Amino acid sequence: MSVALRQGPLAEFWYYFRENRGAVIGLWVFAAFAFVALFAPLLAPYDPTQQFRQSVLLPPAWIAGGDWAFPLGTDPLGRDMLSRLIHGARYSFFVGIVVVVVAASGGILLGLIAGFSPRWLDSLIMRLMDVILAFPSLLLALVLVAILGPSLTNAMIAIALVLQPHYVRLTRASVLSERTRDYVVSARVAGARLPRLMFVTVLPNCLAPIIVQAALSFSTAILDAAALGFLGMGAQPPTPEWGTMLAEAREFILRAWWVVTFPGVAILVTVLAINLMGDGLRDALDPKLKRS
Amino acid sequence: MSAAVLMAEGLSRVYEIGGGLFGKPREIRALSDVSFEIARGRTLAVVGESGCGKSTLARVVTMIEPPSAGRFAIDGTDVTPGRWAGLRDAVQIVFQDPYGSLNPRQRISAILDEPLKINRKSLSRAEREAKVREVMALVGLRPEFHDRYPHMFSGGQRQRIAIARALMLEPRVLVLDEPVSALDLSVQSQILNLLMELQERLGLTYLFISHDLSVVRHVCDEVMVMYLGRAVETGAKAQVFDSPRHPYTLALLSATPVADPARRKERIKLTGELPSPLDIPLGCAFAARCWKAQDRCRAERPDLEGDGHKVACFFPEGG
Amino acid sequence: MIRYLLARLLTFVPTFLGVTLISFAFIRVLPGDPIIVMAGERGLTEERYAELVTQFGFDKPLPVQFWTYLTGVLQGDLGVSYVTKRPVWDEFFALFPATLELSLCAIVFAIAIGLPAGVIAAVNRGKLFDRALMSTALVGYSMPIFWWALLLIIVFSGNLGWTPVSGRMGLLYFFEPVTGFMLIDSVLSGQSGAFGSAVRHLILPTIVLGTIPLAVIARQTRSAMLEVLSEDYIRTARAKGLSPLRVNGLHALRNAMIPVVTVIGLSVGTLLAGAILTETIFSWPGIGKWMVDSIFRRDYPVVQGGLLLIASMVMVVNLTVDILYGFINPKIRARK
Amino acid sequence: MALLSIRNLSVEFATASGSFRAVDAIDVTVDPGDILAIVGESGSGKSVSMLALMGLLPWTATVTADEMRFDGKDLRAMTPRTRRRIIGKDIAMIFQEPMSSLNPCFTVGFQIKEGLKKHLGLDARARHARALELMEMVGIPDPVRRLSAYPHQMSGGMSQRVMIAMAIACRPRLLIADEPTTALDVTIQAQILDLLTALQAETGMALILITHDMGVVAETARRVSVQYAGQKVEEQPVGPLFATPHHPYTSALLAALPERATTRLLPTIPGVVPGQFDRPPGCLFAPRCAFADATCQNTPPPVQPPAKGLVRCHYPLGGPA
């Protein structure tokens, strides 16, 4: 048994997480992303909607014709790309947090109930989830937004609803495998009743896959929100949401590559960082992959 | 017979499996018509191979699941599911696998505290803590283990923790479900010694479940041999081990390897394997593997009969 | 096995009912009065309105309405688009082959590259190839595909001029659809160059649509292989002195395929979601673009019908995967 | 000439927290037709050394040895391809968990015939005939039907019989059985042990039996090698080992057997096997040994002569020095 294992589970987790270089890089990028999102107004040089009419479609500063006043250039309306990207981080971060919290809390609760309930209720919940899963996520979100009206809030509700069944399935599956283990039976022998069994005994042992899923759905939420924005069904212009920015820039793709490239790179880097982190979480939390 | 702490009569447990929308569910008779009594401070060993119903018996006696038929009583109180909550502190259990039976997300202190927290609501936090430390000392766990997590311990120490948890409520009966089977030989003897010391000091009654005859022979006072959900032979240790009457007991004893190269003996060769618990044969369950089986054995089931040393066989050994 | 099939088929029924119920409910939560929306007429008189209420059956109790809707659906009656005034069913079947052709190409592309890549990565665990491949797969998995499409267009259509930007076929060629699959129809038409044009139009959308399934399949194949490679029976196979090719390619892969087939099945849903974006960007005349256009035109009968049809498609694919799963998993196949 | 001779075999695993020595300078010699038992508790490295011989260790393991010869051929110098002509043919191995050791996706027949094709090059008919013969040899009833069964349709005992059939398919000269009966019930264990000894007597192959069960050793083996924490601490013929163990560990282990108990409380060995980080500098058993002194704590013990059971101990027990 290693020395590091003589501390609590958190230290042990960090010990394994640190091993995965990609995951640590992902964590740092994610931290930077969160920092930018939280302090966007302080970091951005300009207001994201401020239009500089005399400098429309300026290329990035290091290219001929660029201006260091606008390091990443300007968009077709003369707005500063860098400021818009920095503010865009807020929306993506916000979407990610809200979607994960809503989808995970609902999904975990339903999954716990399904895992502990009699067969009929379990079947009912799981069939309901099957129904939601039968709709491709983006399509369902799109239709929901079409009904509720295009806005970032509605997009978040739709995405959370669509991601929820994954948590239900995951939680239920781990509850079912944990429920018959001896330590749960021991808690029953000690007299623990259902709520205690569900939340104190079993739930903490089901968290590992759920945490990994949370990381994955954080990135899915960002991607889906951007896709909805791209289709004109998410955040509405002039909101500097990355997907919406891409949609606005579409017609300029062959003329001004930077208006298309930067928002996409921002999405890709953020999502990639979160997924790297998610992989690291999975490896660090999955005892099967640990080298003893 | 008020001396019996634990008394069971005709305990049965039937599971239904499969079924679903098609076909009717099939029945598994995991436990059929098992009766016994254990006097205070004594050890009854239940012996048998996998699928013989010994673990089901443990689960029924520990009030994890109700019997499908039959009754059992603790100190004269009939146990019914409605009374489970009040009787929790009478019977506790120690499981075989010391790795699966401790919650990996709880510290040792929390694991040991849980039974008190649930069942001794009147105790203050400090009183509970004192009790936890007292029991830790009792089972030989060092005080500094108090705040550690289960994965930091070896199998033997975990089994001590499991025993400590079972003792928290000061039970009268301890069900030991293969408590040393997962342990190495050198650790096994430590745990067996601990169990025997505890029995002497606390006057505990043990229901000791095991497949290992040499362990059973060392710890028990009485033995019940089970085969496919039924008791086939019961009696005092000396009776069962020295003059077994059921052919299955005999075969089991002769199949158990003895750590003495000088005593190479001829084994009774049993052919075949356990029948499926889904279709238990009509007559004696052991008839298909028994070298003495006659037509009657296959048609009719023998009852467990005898005075003190009981056997369920038409043609028992030794007359 | 037969019981397994029947059980699978039977769970299909409630799910299908649920999906129908959701698309039925959909028309009732629309913003505005569903009658006016459904009729698609302006300046309704009160008599005309009452007539429409009766015509659509809105005066009957909800369960009856649902029953009417359900029986209609089962007979192929999904309503009429109020933009084109054609039955939704007919529109769907006219456009479906385009989506099917694209999706098939994308999934074949994803499997053909993802599966072998995953296997090779697992066998060479921890080596350079494994790390490079898995990093690439993670990038692919994290890719916002609408942006990926734009990038590919910038490079291959804009800068290099190799591939067309939109559509399924060059304007030079025209022929009546026979199968609805451009790759086949272009050959059948006998026009020289038509097939090449069809292929060129397919390349970018296939890559864009196949990227995420490719990444998912590669990652899943690798982890399934790694799991299987640590099993006892792999040790047994190696203890028999079998060659690494036979151990990895036969003993391990056969078992690893069981979870991978499920993943491939599940990626059909991803594929259809991706088709919405891909078809919109490449102006691909399939059901994804049709749905997006209808949503923007507020053509609700189409949205409603399309939703139901796409969900049913996903369910049929999942059912097929389940059945296939039963065939490749001997524990289910051999069950009496 | 010895059939198998291994000298100074060590195996190290690379782990997250540094390298871990699972097998430490072990010698194994097996003559044709011999039955050697390797006994030890968990963590004694008893399986690892044999897996190293078979080349079945994961990539994290580093194997070193001064000598590793089978039938006079140096296994270390061989290419993997040449080595695979011996592994599975002349040396075969069966494992602890018979149920998970068979590939669930292929029929029993397929898995038995696979080796016959690879090593003996038999045609389909000959393979089928040999497979049936093997199934009968290992006592599987209704062999024709069982050949087309899948592993999950069989019990643990039957699966272990199939494993044995697979292992003896190419008439190996050495069979390594790694805890072959630990996962099985007592009556089934007896059947499997009888089968293994009968097959050994019939074919004259050598048998290495890895086990933790002293009873199994006493009833099956001719020679016994005791391992502790990766080292071989004693090796003797079975009779003398049980009568006069020379190593304190062997002696304590035998005394801890409940069936040898003379008192109600059993003699115990205090403490636990040393792990990766608390390996003592001297004798590995010293922290738990009743006879240990300062020398034992600080100086690794020498290997005593065969008369003293080849024990790794400063102060061997029993008999005149």
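For clarity, chains are labelled A, B, C and D in written order, and residue numbers in each chain start from 1.
Just so it is clear, a residue touches a chain if its C-beta (ideal position, glycine included) is under 8 Å from a C-beta of that chain, and two chains touch if they have at least 3 such contacts.
These numbers come from a predicted model, not from an experiment.
> Which chain wins if you rank chains by how close their C-alpha centre is to the centre of all protein C-alpha atoms?
Of all chains shown, the one whose C-alpha centroid lies nearest the global centroid is A.
> So which one's got more C-beta contacts, B-D or A-B?
The greater number of contacts lies at B-D.
> In angstrom, rounded to a whole number, how far apart do the mean CA points of subunit A and subunit D lie?
Roughly 51 Å separates the two chain centres.
> What is the distance, in whole Å, between the centres of subunit B and subunit D, each centre taken as the mean of its C-alpha atoms?
32
> Using Cα averages as centroids, what's the distance between subunit A and subunit B in whole Å?
Subunit A and subunit B have C-alpha centres separated by 50 Å.
> Need the CA-centroid distance for the pair subunit B / subunit C, whole Å please.
55
> Among the residues of subunit C, which ones contact at least 2 other chains?
As it turns out, subunit C has no residue touching two or more other chains.
> What part of subunit D is in contact with subunit C in the complex they form?
54-56, 58-59, 81, 84-89, 92-93, 95, 97, 100-106, 114-115, 118-119, 149-150, 152-153, 163, 166
> Subunit D touches which residues of subunit B in the complex?
Touching subunit D: residues 49-50, 154, 156, 184-190, 192-193, 196-197, 211, 213-215, 217-219, 251-252, 254-262, 264, 267, 269-270, 273-274 of subunit B.
> Of all residues in subunit C, which touch subunit D in the complex?
Against subunit D, subunit C makes touches at 125-126, 230-233, 235-243, 251, 254-255, 328, 330-331, 334.
> Can you list the residues on subunit C that touch subunit A in the complex?
Of all residues in subunit C, those touching subunit A are 11, 14-15, 18-19, 22, 26, 29-31, 135, 138-139, 141-144, 146-148, 150-151, 153-154, 158, 227, 269-270, 272-274, 276-277, 280, 291-292, 295-296, 298, 303, 307, 310-312, 314-315, 318.
> Can you list the residues on subunit D that touch subunit B in the complex?
Its residues touching subunit B are 41-42, 155, 157-158, 185-191, 193-194, 212-220, 238-239, 242-243, 252-254, 256-261, 264-270, 272-273, 288.
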